[in-house]
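What follows is a pair of complexes built around chain A, which joins chain B in one and chain C in the other.
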Partner chain A sequence: MRLELLLPIILPLFAGALSLALWRSLWLQRALAVVMTLAMTLAGAWLLHSVSGEGYLVTDMGGWEAPFGITLVADIMAAIMVLMTGVMGLIVTVYSLGSIPEGHERFGYYPLMHLLLAGVAGAFLTGDIFNLFVWFEVLLLASFALMTLGGERAQMEGAIKYVTLNLFASAIFLSAVGITYGMLGTLNMADIAQKVGQLEPEDTGMITVVAMMYMVAFGIKAAAFPLFFWLPASYHTPPVAVSALFAALLTKVGVYALFRFFTLIFDQDVSYTHGIMLWAGALGMLAGVLGAAAQFEFRRILAFHSVSQIGYMIVALALMSPLAILGGIFYIVHHMIVKSALFLVSGVTYRLMGSHELKDLGGFYKHRPGLAVLFLIQALALAGIPPLFGFFAKFAVIRAGIEAGEFVVAGVGLLVGLLTLYSMIKIWAEVFWKKVPDHVTDTDRLTGVVADSSIWLLYLPLILMAIATVALGLFGQPFYTLVEAGAHQLLNPEGYIEAVLGRGE
Partner chain B sequence: MELLMAITIGVLTACGIYLILRARTFPVVLGLTLLSHGVNLFLFSMGRLTLAAPAVLGDSSHHADPLPQALVLTAIVIGFAMTAFVVVLALRAAVELRSDHVDGADPDEDLR
Partner chain C sequence: MKSNTLILQTAAIYITPLQLLFSVFLLLRGHDEPGGGFIAGLMASSAFVLYMFSYGVTATRNLFKIVPVDMLALGLILGMISGLPAMFLGQPFLQAQWWDIPLLGDATLKLSTPLIFDIGVYLAVIGTTLMIVVALMESETDHPSGNGD
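Our next item is the complex of A and B:
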């Protein structure tokens, strides 16, 4: 029994239940949220520390030995993801303290957030496919409620698409779990991986079918091309703190599941499954960035860019070389920080000028130069300008593409980097550089005539994230070494199988 | 029995997908429900269909696989919660948007 493996799941679950008990006291709920996300971050760091020393951490729940019981497994990638979940939870919580309307807080914002974090951490750590389904549903239900909290018209419209498509994905996922069990008689990922390798040649066709079902199910959840339509329809509707949390975590769970399944289990027919992913990723990059170019609403631009960034991660997975997988993990971490930071910036501009439309915003460079710098760091990182963290993520993926001889995909990656810069410059020119538009009369908050006492709660997370983006770019060597070991683990699944099944013999 | 199960699952799934593709929220909710029923039956049949056999390992050599039954039970509970949420969401959306169209407003409304 390894405590650090259980804490990231138990802490938020417990805090969620406790928050419900503290329903009437908003102050206690807020304090608990900060304490819990901080504790989860520390637990994630502890987990990462243990994993980087030992390679794999495995615990059988309830003492039922693998492959019969539910097993929790952490390798380096899972531990990094859990740590990032805690960090993003903490950052968004601090931001929420200053930005979430009290009406939302009264109707269970914090309990739902805890449950969402528990579901995400569970999905990262489980080693059992049906258990993964259950964690998916836990986080989905929490995300459904968070997305509709407040009940504005736009939220309802976006939520219906989000809910329907995600439930459809769950149905496909569950069918795939059924076929997997029917064929192999096991639900344990390591055991499945082992048994898939021992199948007779005539059964491998069915395995490819199951692999495609998992690819579609996780592809919908990850917003991969051409299954991303729920994301631009819904991500701009909830309060900005919720959008930032979703952008950081929800799609990444889908991407993580793709990484896990298509390195551990379905590495049999790589040219077919990974060939599809390569082009889905490349087209996703293009579709997302072109969609963003056509948008003139701050949050919609960011939502479309998520689709394009997910494309890079899928391409990284499809290339399946050590450098590509390393780039993929880099990209996931980079995107978690940058995309939620940009969403949080859009929250500050909304707070100061009361609009998300680019035409109604302006004058921030003159009146809020600090915010302009915080935006610029993340925007340049998103476009992949050195020496920021995003550059190294993009560089690794594109370099891996060239090494694999996929010049078209690498070229698309470079082009999309340029187009990303175009969108970011569009926001920069409209929101920051442009003068305050003439039709905007209410500029008292922007110019500071009306004091805003709690706005430092919005700036604090942004400053921390900007430091993270710069520091991971400039002093990234230890992180690089760690992720390199993580990529090595993913590409050599024997270690994972041995760690889960080979104990005590 | 295999044929009956296969036809049932097929019909449920086909009806479910047809209804999900409708443009009104109520058929979509019904479609999601039918689809989840189809998937649950499918999951259940993946443990192989056995008649008159206990679901526990014991003295009898003839037994049913208990694991899919446990999985289906979990899936039904989750599906129930999800359906409840979707029904409330659809109702709230219909009230809020004054339309039960999935896009929030009926694009053909002016034509009628």
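Our next item is the complex of A and C:
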């Protein structure tokens, strides 16, 4: 029984229930949210520390042993994801304190956020495919509610697309789980991986079909090409803190599930399944970045870029070499920090000028140079400029592509980096460099004539994330070593299977 | 919204307590036999919904001493707490603990953490259902449309 394996899941669950009990006191709910996300971050760090020291951590829930009960498993990648979930939860909570309207808070913003974090942490840690489905549903339910909180017309429109496509994905996922169980008689991931490996050659046809079903289901949730339409249609509608949390976590759960399934279970027909992912990833990079080029709304540009960045992660998985997987994990962490930071910047500009349209924004470099620097660090990291963290993520993926002889995909990766820079420069020129547009008359907040006492709550997370992006780039060696070990674990699934099924023998 | 049917109102007085009793029976019968917290919670909330249809939202609110959202919170917390005793005994989270308490004669009272969990589910289901139904009923009262009451 390892406490650190359990804490990241039960802390937010407890916090959610407690916040419901504290329904009437917003102050207690806020304090609880900060304390609990901080505790979750610490629990994640503890988990990562244990995992990096001892390898896999495994616990059977309720004492029902694997492969029959639900098993929680943590390897290095899962632990990194859990730690990042806690960090993002904490960052967004602090930002929410200063930015979420009280009406949202009264309708259960904090309980829903705790539920979302619990779902995400559960999905990262579970070693059972049906349990993974349940955690997916938990986090989706919470995200549906968070997305529609406030009930504006645009939110409803975005939410309908989001809900429909995600429910569709869940249905495919559930069918795939059913077929898997029918074929192999087990739901435990390690057990499935073992049994798939022992199948007779004539029985493996169905495995590829199931693998494709999982790929489509997780592909929709990860917003991979060509199943990404829901993301740009919905991410710009809720309050910015919610968008940032979604951008950091939701798609990553899909990506994580792809990484888990297609390294642990479906690694027989790599040329077929991973070949599809390679091209889906490459086209996703292009589609996202080109979509972003056509947008002139701050948050929509960022949403389209998410699609393009997810493409890099999928390509990393498809290449399946140690360097590529390492790059993939780097990329996930990098994207969590950078994309949510950029969303949070758009929240600050909205607060100061009341618009998300690039044409209505301007003058930030003159009046808010600090914010300009915070934006520039993340924007350059997103485009992959050294020595920021994003450079190393991109470098690893593209280098792995070249080593694997996939020159077209590597070339696409480089080109997309350049186009990303174009989009970021577009935002920079419009929002920061340009003068305040003539038609904007209300500039009192921007120039600081009207004091804004709680804006430091918005700046604090941004400063921390900028430090993270720079520090992980400049002093990234320990992290590199850690992720290298994580990639090694993913590419050698025997260790995972042995850790789950080989105990007590 | 409140129905003015005498038959429904008279019946509700008798059926509501019976249904609540039956829901407790289902709750305690669960675990080894069909029943359990979820279905018992639905049964209990349907009792309250029946009462609400006959006597209106306000009367039903006066019926319980706590608001639905508190019931939901209490249920969730109970459900979580039921997993903790195992942890203090060094066993995995949620591992069932059983305590047999001998009563008069041959009877024993079987208490367990799954029962606490079931009670938590029971309360959470009642709380959730009533929250939804109350919200729907009140939105109907706020915006009378068509033939209302």
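Methods note: the second predicted complex is superposed on the first by the 505 of 505 C-alpha atoms of A that agree within 3 Å, B and C clash if a C-alpha of one lies under 4 Å from a C-alpha of the other, contacts with A are read in each partner's own complex, and residues count from 1 in each chain.
Here is the rule we go by: contacts are C-beta pairs under 8 Å (C-beta built on N, C-alpha and C of every residue); 3 or more make two chains touch, one makes a residue touch a chain.
The structure displayed is predicted, hence computed values, not measured ones.
> After aligning the two structures on chain A, examine chain B and chain C and state clash or fit.
They fit side by side.
> Where does A:Y181 make contact in the superposed view: on chain B (first), on chain C (second), on both, or on neither?
It touches chain B, and chain C stays clear.
> Looking at chain A, does chain C or chain B touch more of its residues?
Larger number of chain A residues touched: B.
> Where does A:E157 make contact in the superposed view: on chain B (first), on chain C (second), on both, or on neither?
first
> Check whether A:L18 is in contact with chain B, with chain C, with both or with neither, and answer first, second, both or neither.
A:L18 contacts chain C only, not chain B.
> Scan A:L6 for contacts with chain B and chain C and give back first, second, both or neither.
Touch partner of A:L6: chain C, not chain B.
> For A:F168 in the superposed arrangement: first (chain B), second (chain C), both or neither?
In the superposition, A:F168 touches chain B alone.
> A:F395 contacts which: chain B (first), chain C (second), both, neither?
Touch partners of A:F395: none, neither chain B nor chain C.
> Let me test your reading of the model: by the given contact rule, A:T148 touches which partner, first (chain B), second (chain C), both or neither?
After superposing on A, A:T148 lies in contact with chain B but is clear of chain C.
> With both complexes overlaid on chain A, does A:E137 touch chain B (first), chain C (second), both or neither?
First partner only.
> Could you grab the smallest C-alpha gap between chain B and chain C in the overlay, to the nearest Å?
9
> Quick check on the output: what are the common chain A residues between the chain B footprint and the chain C footprint?
Shared contact residues on chain A: none.
> Which bits of chain C are touching chain A when the two form their complex?
Touching chain A from chain C are residues 69-70, 72-74, 76-77, 79-80, 83, 86-87, 90-96.
> If you look only at chain A, which of its residues touch chain B in the complex?
Residues 130, 133-134, 137, 140-141, 144-145, 148, 151-153, 156-157, 159-161, 163-164, 167-168, 170-171, 174-175, 177-179, 181-182, 187 of chain A touch chain B in their complex.
> Would you tell me which residues of chain B are touching chain A in their complex?
By the definition above, chain B touches chain A via 20, 25, 28, 32, 35-36, 39-40, 42-43, 46-48, 67-68, 71, 74-75, 78, 81-82, 85-86, 89-90, 92-93, 96-97, 102-104.
> Show which residues of chain A lie in contact with chain C when the two form their complex.
Touch list, chain A to chain C: 1, 3, 6, 10, 13-14, 16-18, 20-21, 23, 59-63.
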